[in-house]
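In what comes next, subunit A is part of two complexes: it sits with subunit B in the first one and with subunit C in the second one.
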Partner chain A sequence: MKTGTLVLAVALLAYPFVLYDHFYWDIGVGLLLAAISASAWNIVGGYAGQVSVGHAMFFGIGAYVPLLVFNLWQLPPIAGAPLAVALSLVLAVVIGLPTFRLRGHYFSMATIAVAELIRIFIGTWDFVGAAIGLQGPAVGRGWWDLTFRSELPYYYIFLVVLAVLLYVTRAVEKSRFGYYLRAIKAGERAARSLGVPVQQTKLKALLLSAVFTSIAGSLYSIKTGFIDPESGFGILISVQMVIVAALGGAGTLYGPLVGALILVPAQTATNTWFGGGGSGLTYILYGGIILVLARFEPGGLHELWQRLAPRLRRTPRAA
Partner chain B sequence: MWGSKDNAGANAMLLLQVIVGGLLLGAIYALFSSGLTLIWGMMNFINFAHGEFVMLGMYVALLVVTWLAGGPATFGVAAAFALFVLGVVVYLSLVRHVMRGPMLAQILSTFGLALLLRYTAFWIFSANFVSLPQTSLSGTVNLGGILMPVAQLVAGLVAVSLTVALHLLLTRTAVGSRLLAVAEDRNAAMLMGIRPDRMQALAWGLSAASAGIAGALMATAYPWSPSVGETFGLTAFVVVALGGFGSVPGALYAGLIIGLIQALSAYWFGPIYKDIVVYGLFAALLWLRPQGLMGKA
Partner chain C sequence: MLLEADDVTMAFGSFRAVSGASLALDEGEIIGLIGPNGAGKSTFFNCLAGDMVPTGGRIVFAGADMTRASPEAHARAGIGRTFQVPTTFEDMTILENVMVGAFLRHPRRADAHEHARRIVEMTGLKDQAGQRARTLGTPGRKRLEIARVLATGPRLMLLDEALAGLTPAELQQAIALVRQIHATGVTLVIVEHIMEVIMTLTQRVLVFNQGHVIASGKPDAVVKETAVIEAYLGHGRRKRRP
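Showing the complex of A and B:
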């Protein structure tokens, strides 16, 4: 496993120089962003088994606040990121406290409803640009605005954030908190009877997840310099996090990254083949993948690999 | 020219019209939400594609009208039948296999189905709003001073009747007792000679059919696009959360209340606020009374 991690790290570090072209860099940046968002979702959705379908609310807050502080006070957008994290934490508490008292689908429903509520509300609120959205600085006033013409700096910034997130996830995995999470996922009643502070643990997982999802949103809007209700709070933003994580394997360390490695290039390919208007087809594809996954391989590629790997032992591979 | 008294009178009439309109739409909410609550109460399973089922009912109505020149009775039955079949197929091929699996698989299965149906509809029918061509239900009727479209009136009344009928089916017939027996205790029902799989397939059929008819009814009175499924799905959640999980009468009252609240908030604050108010109410409800107004904890 150690060699696998090393190979993956080297491959991701070297990628922009192997495929030295803006087109590939752009895919790489999108891939890393999807991996960050899905890994953040993974903490509460995968490890704790509390399936949020409204994580776009944290992503959207993360995306909006940096551009908002720029528009209001001409601050560098990145200064808004900590504020966005704070807001996301408050929202996570507001949603987590009531819904985590209940089991099952409540949390999923509540997250969808709240995310939609916020999306519609933002779309009518002139202070944050209503349906039109917000723009970042057109030309960077200095390096602190983080407006680079090349994708390369973003690629490495995103890679660092992903590495930190995976490191944190790894630490969580090994900690008592991580065992609590898996116990809750396996059976809430059993976990409670064994003395796991269920509600508190779920809330902690949601808070940690919200922090990184918010950061992912900030990275997105700082990079693109533009945000509107659909690209920040749209239901498809949430869906993408779920599908990327579920494809690779929800509740596993590298699952979301593997899912992103497959899905993002595939998405780019469908968009290229079917033209720019092919976004609808992308979502038909998404729906189909999700459905088939749930029906036949709910553990994602991770579990499939675990089943197939012993059979392939005669041809050992590094990854 | 206009005296203030006339104005007040006209305003009162307008308000009354808004209230009646809201209740009639609420009746349709009640119908499709009772389908959602049936599955939920029976199997503790949430169908995230329920709103898409309503949307499909609308397009079935459109296709029957444009291709077969069928009337409201024809396309209502057609939508009910088509969606009943779809519901049974979805249960047998998908839900049955994931319902005892991990939570993620349960949620993803119907969520994936919802995306698939929604975007396939976008692809086939485009994102444009459509409405049914003239049907025998076109025109308006004067009810003691307030003008109501006939279609809206008929749709609302039929929806109430069907919701009540579903309740009677569950509580007064042998089939209903078997359905409820499976809901109560699957294993005990099995020991009594009931086949849970059949009953659950039937429940899915009934649930989807209720959504299908509701869609067909709504199609007579309101324009729609493929994206309405998402809104209706969320509306159904709110109705079920308000009415209590598994309670058809609860869905009826809650549907009427939600329809009324939507109509009034659209009237007082503007149309864009109607969903904000409803979702906000849902969030508040989760805080204050998570088991629903009529539900037991």
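Showing the complex of A and C:
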């Protein structure tokens, strides 16, 4: 394990004990959730360069199904997570199969359209609570309901999921699949000429991405015990995944985590300083970040660091 | 017969970019496709590479019908191609670029790495192997494209102006590299404007003009044919003085 990775792991493990307060634990949980969602998006959006702006559809399915199985059959919400993953996989195939046959922005457009259609549909469907949404168990019937009073258990559950996701992403990076993803992002025509099965590879990336995004949604709804169309399928959920990954560095292992480390505390700060009236600042913050990234640093902080690090190392020491 | 393109036609609406072009290629040959700009050689080349599906005719490679096969299927069958404008994977290192090609026949990472390393050494890119492709100049990029295709283990390589834009010294090195590749048993089809390359490397040339093959044969004989001279220079009117 590299030193940087080790330091990061220790810092994340020790965080709740260094900042021993519910307020900071809540920020930590939000940060990890954003990192998981963005890292999941990163597999297809970052590595393969297939920019989905509708990943909230997988997040929303992941969030709704656990609370739905609880409401229908009184099962522990976590029991719905595998079903949510299965549904997300089906949806990924339905979107990926036709759009990945084409080059260009068809995939991005399809993801926005489908996510919005699902949000509107869910908002009017009484079976899933329509605009009001669904609630989880008010009081835990046992540990299996995963309803904890403290944020601390959620923090470590989320951390384990993030660690697994980063481990999987690292394995992807090193594999033929990972090389193929990067080649597709760099040039689809050239990749095909080298025998890369482009459509199949992109679809695999979307499936893997959908699995972890769905899991992120399930974690969210199990923790909050509540879900409605906006917090499950809202466009802001999708946009946040894109921005968090792009800020840190899309297509890099730790980019989404770095993005979350910056963006989530920044969001919390704006909300804390400006209270309820500051909620609109999130949109302004996202817009500003998109502008700055597009204009000055499309590769995100990772690219900036790659450029600056050699210069910093060359800086002569004072005599 | 390694490759047989029979009566290949490629039409875009009413415009025929290639009209009934045929080519028979034996294993181990090097042939050149020449002709003025817009003659149809690149379109014909793209049909051979699977980048375009011809609107007429048939292309057979090693006994298999490849007429409508995808570029991926062409690569798997053993047909590799370079691009007129190099399309290297800019953010990947040179070795990683070559590994993408190597993975086709070596699915395990360690094997692909080893194979790519050998190819990088053979193509003279060893010293830059760890650099990103974007750091290379034109000669390096052209060389990298060749290396990447070579890593797929092709039986037939299609080089699309792979030697254009090089200095005389770089050109000689590139010619030597193509010869080296040919010596390993790879058959080559070269689209090129530089006559030095055609005359030095190819055993046979096909001359395209306005979508048709107007001449074929040994390079030194073909370049003397009136139809070929007229294709390049236009129809001259000879006036004899009495």
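Convention: the second predicted complex is superposed on the first by the 312 of 319 C-alpha atoms of A that agree within 3 Å, B and C clash if a C-alpha of one lies under 4 Å from a C-alpha of the other, contacts with A are read in each partner's own complex, and residues count from 1 in each chain.
By our rule, a residue touches a chain if its C-beta (ideal position, glycine included) is under 8 Å from a C-beta of that chain, and two chains touch if they have at least 3 such contacts.
Here the structure is a predicted model, which means the values were calculated and not measured.
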Clash-or-fit label for the pair subunit B, subunit C on subunit A: fit
Which of subunit B and subunit C A:179 touches, first, second, both or neither: second
Dominant toucher of subunit A (residue count), subunit B or subunit C: B
Partner chain(s) touched by A:288 [first = subunit B, second = subunit C, both, neither]: first
Partner chain in contact with A:250 - subunit B first, subunit C second, else both or neither: first
Partner chain(s) touched by A:307 [first = subunit B, second = subunit C, both, neither]: neither
First (subunit B), second (subunit C), both or neither touched by A:113: first
Minimum distance between Cα atoms of subunit B and subunit C in the superposition (Å): 11
Set intersection of subunit A contacts, subunit C complex versus subunit B complex: none
Sites on subunit A touched by subunit C in the complex: 174-176, 179-180, 182-183, 186-187, 189-198
Interfacial residue positions of subunit B with respect to subunit A in the complex: 44, 46, 48, 94, 97-98, 101-109, 111-120, 122-123, 230, 234, 237-238, 241, 272-273, 275-276, 279-280, 282-283, 286-287, 290
Subunit B-facing residues of subunit A, complex: 45-46, 49, 51, 53, 98-99, 101-102, 104-106, 108-110, 112-114, 116-117, 120-121, 123-124, 235, 239, 242-243, 246, 250, 280-281, 283-284, 286-295, 298
Of all residues in subunit C, those that touch subunit A in their complex: 49, 51, 70-72, 74-76, 80-81, 83, 87-92, 96, 99-101, 103-104, 107, 109, 112, 148-149, 152
